């Protein structure tokens, strides 16, 4: 860090952000904004933390250990169903990234081809429900498909031929990885297979902070929006920043991932700012979760799980 | 002086009588054998040692001599009868040197326990090594000592405990005739300088005749007192004194008798 | 007898109650989120509500522990004997066994699944890998510590290397080996958890480990705690059942002080 | 001397080479995907290419192991002494210590992070939790196994409970305690891995554990294997450095056969 | 018959001479002390025992008797000199009973090692328990036996090894006078029935005079042979025979002389 860093670190307010996973291309806007001093410019000293597992961010957020968490829309709905008073203040990725991925060698071209085959998942309940929905939409009896919980070893399980396909990998990550390995994956995002669309990555805060710390949140979203523009302007530089944050990553893959993800980071509705969340889409996905008994209470009742009021140009 | 009472039955007027000595009265003790059966070791044994007296206990192997000493040292409790004794130190039949300490440290163990600083304790113990023929072996580990040397270290440790009563279980059993004689004289002199009450178990009747004020002869298992022989022989004694030889013969006869009685029973 | 047993169970029960009470108070007072630390009463409720589910999931985990520990004890013991009897094995195999303990299961898990699929075999492999080591170390140390005088005796009686092992070293090492087995048995329970977490499973009753992970990701924290409590109790049960077995295995080592002195 | 040392290192090196050779052949012959099992040569290449990174990540892990094991040894030993000297503690605390071993770190990790944040403290807590147990069990067993005749001796010399402990039980138990320390030290390495995996971290050099997990998810399998190999070697180094320390700690237990017989 | 040679120097014509007996020639042996210094235990010792002979070794404590026996049993190697002996069994000074076996199992250990089935081995050992006064203690663990009983079990174990040469290190040291006498007679009878070569270390000169064909007297540390006394006394002998008493006196004198010589040196 330069002298400048030290000085402003004192004046800037510490703001802890817990990622959903190891730093990767999905966090390009964040790292770009940090590197370019966008957060410091608005008086925030953002410190990203890597969680041990995907459920940790919301727990530690609710417990007050972090100021903001990156999580998944389904995970947030689950947490709210469990009584956590959390709310999403912006979407980092506007579509499901979760996909059904198969290797060409497994002779799976469409969902219907999964009939009688073995599918690996990460053992997350709502992903199992997504698999069932996809199978039903394709006219396949879910009972005819064997689901295997392979944890985080989705790709090794496929490569070793133990499963014909997996559900849980991201089309902007695992699929690209396999492509770069010349393994020619067949990739079907779950929203193309009959699951209602949802925002894969969302920025979550405590409901009380949404009421009290509006200023910080607005500043955060403003800086992050700037970061997103920087990514758009120079994906190669952004990819380098991500790789710097996580030395396990390969630049080539991150760059490809950033480039392919860019269309999904902006809302499909014209004129909406970066981070915009579609309340109707949330409602319909919440309903899907409720009807699949993933939620105990109908999320339509009660306070809305999202707010767009801190996005640039929105709110007051 | 603390005289303590140990009993399974009602209290008795023994402690006063023991005053610095040992009183064992009508004591019986049985062990539980490997199949749960009772193995009687001592039956109705009474032994007294007045303050400053040396009482030798002889008896066939397995008759309960070690058991008697452990009872006096309160390492066991009697099944019936009373025992009273001033605080007693035990020199066990097996030397029980602690393998992690060198020879002086083992000898000085009682001093360390009494709270003496380590270097002082070692010095005091070390000074006596020469007298016991152990000079130069102060820093040897027990595994580097011969059987007789180990025994002498254990003996020294017992003496240094400073207890009023000493229970010695075959203290010189691993020593050759000459060294044994020297040690007996050394003990006799030490007791003259600083009288203590001693209960001496020995399988060497001559040793008993040389050292004891009184000899208690036990029968074979379970041990009963079959004879008590007074040894009113002036000191210093020698193995060739007529009185010592006579006592030795009497003791051997009692021993042989009690052994035969046992054989007759078996 | 029964009264004595009850008296023995009292202190840990009291302590457990005290700890639970303190925990409950802490949660109430600090307003800690139930997802970070659920209150004991909600864990108890989860235990009660999900008794059937937890029992159903305990079964496969218990089977894994049982089979895994059996294999681990055998492997650890056999390796220890080999390492003890052969200096070559000692130098060649022992360091590798030590190193094996530092290899994260996550690294080799895909390979295990690749080789043995989704069944119990890769899980047993994980448990064995985790549990053989304490047995190996304690047994090797116990064998090395046997009395050199006893070995001299056996040499004068022309005992073969194997007989010296069998008549002197083995019995002398048994208490140490049992110490190792005690450790192994206890960590076999967490070994089963790790095995289930790291290798693939088909559903049904996937075991308590899988259940805990699923509960954690589903933010069913009280149920995860309830399942962890079942593991906790299971480990204690395993540990103390070995303590019973020990009296039968090595009676001469069964704490002489408890028999002895004055008895 | 140096030659003798070299001769000692030969068998494990040869065996390691043989194993690596077999592994390489297996990978070549079976065409196993490098993401399931990378070939040794690619692991070696990853080791070489990332030497700096791996060394940088070993540093925090080694610090965690060092501090964690120190705390674990102290805790395990002190608990063992307490459990040994107080029957009440034995009944109350020991079962809980046993049960603690079965609680998955994943369940309590959020709590640890909640309490102590993202630094080294929660990681040390995890290592201590994992490593104190072998020391506790072996030390308690070692203390219980001390010679009743020696204790009789100390009783006749009016030794206090503490002196009997200090002069007889403690030295007698030291070899067993060292066995436990040996196990603890070895598993401290994997403990650090688990600690890093299960608690949240800020980046920089996050430690080898984090690095392995990041590599695995990034499908940098050869580098994950290279990092695992560093842990492997580190554990062996820890183990054998304790073996050296032992001669100094408990010389009377330092394998009499190596000194003795005919010497 | 296998007679084996053990040497640090060039081969010698000893093995043939040993034929069933023992030849120890010019043997020296030093230990390494705790500070690395040499502790000489035996210096230039020569002892022979012809086949069937019983040679007693007496000497001051720490003079190297146990070392000598361990050398003959090839548990140690000499620093210089030669040793040849038929296969030898050692009864060590400390009983070394294995605590995990009961008394019979300990006594039958040699039979088990020789490959006899367990029940046969136990039976054979058990049959002899009565003769040694141990009837009823077959299934007792070593910790449940008295010192003298342990010693007798260890003695039995050594005899049952069936070796041609027996090295006995103070075999009756823990026995009272009567039991000791019985055991001596028992041993003498056993050796008459089935002659063996015996090297007997004892600190009881009377025992040596009663049992031995020859007495070897060692000086104090380091042990040197200071006297060899022939015992051409007809058997059975009794402790009161004039010849036995005379031999005993001669041995005691030699012993005292060698002890004094040692004292003079020190």
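So that you can tell them apart, the chains are marked A, B, C, D and E in the order they are listed, and the count of residues begins at 1 in each.
The rule we apply is simple: contacts are C-beta pairs under 8 Å (C-beta built on N, C-alpha and C of every residue); 3 or more make two chains touch, one makes a residue touch a chain.
Only a predicted model underlies this, so the values are computations on that prediction, with no experimental measurement involved.
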Any chain that touches chain E and chain D: B, C
Can you check which chain pair, A-D or C-E, has more C-beta pairs in contact? A-D
Farthest chain from chain B by C-alpha centroid distance is chain A
Chain A to chain B: how many Å between their CA centres? 85
Let me have the rounded angstrom distance from the C-alpha centre of chain A over to the C-alpha centre of chain C, please. 39
Using mean CA coordinates as chain centres, what's the gap between chain B and chain E in Å? 27
Would you mind listing the residues of chain E that make contact with two or more other chains? 75, 94, 141
Chain A residues touching 2+ other chains are 53, 59-60, 63, 156, 160
By the touch rule stated above, which residues of chain C touch at least two different other chains? 32, 35-36, 110, 114, 152, 197, 213, 216, 256, 261
So, in the complex, the side of chain A touching chain C is made of residues 53-55, 58-60, 62-64, 75, 78-79, 82-84, 120, 123-125, 146-151, 153, 156-157, 160, 162
Please name which positions on chain C make contact with chain E in the complex. 149-150, 152-160, 163, 167-168, 171-172, 250, 252, 256
Of chain D, residues touching chain C in the complex: 8, 10-12, 14-16, 19, 32, 35-37, 88, 91-96, 98-104, 106-107, 110-111, 114, 133-134, 137-138, 141-142, 144-145, 148, 151-152, 175-176, 178-180, 182-183, 186-187, 189-190, 193, 197, 209, 212-213, 216, 224-225, 228, 231-236, 239-240, 253, 255-257, 260-261
Residues of chain E that touch chain B when the two form their complex: 31, 33-35, 39, 58-62, 65-66, 93-94, 102, 133, 135, 139-141, 144-149, 152, 169-170, 173-180, 203-205, 252, 255-256, 259, 266
Interface residues, chain E side, partner chain C - complex: 70, 73, 75, 87-90, 92, 94, 96, 98-101, 109-110, 112-114, 141, 143, 161
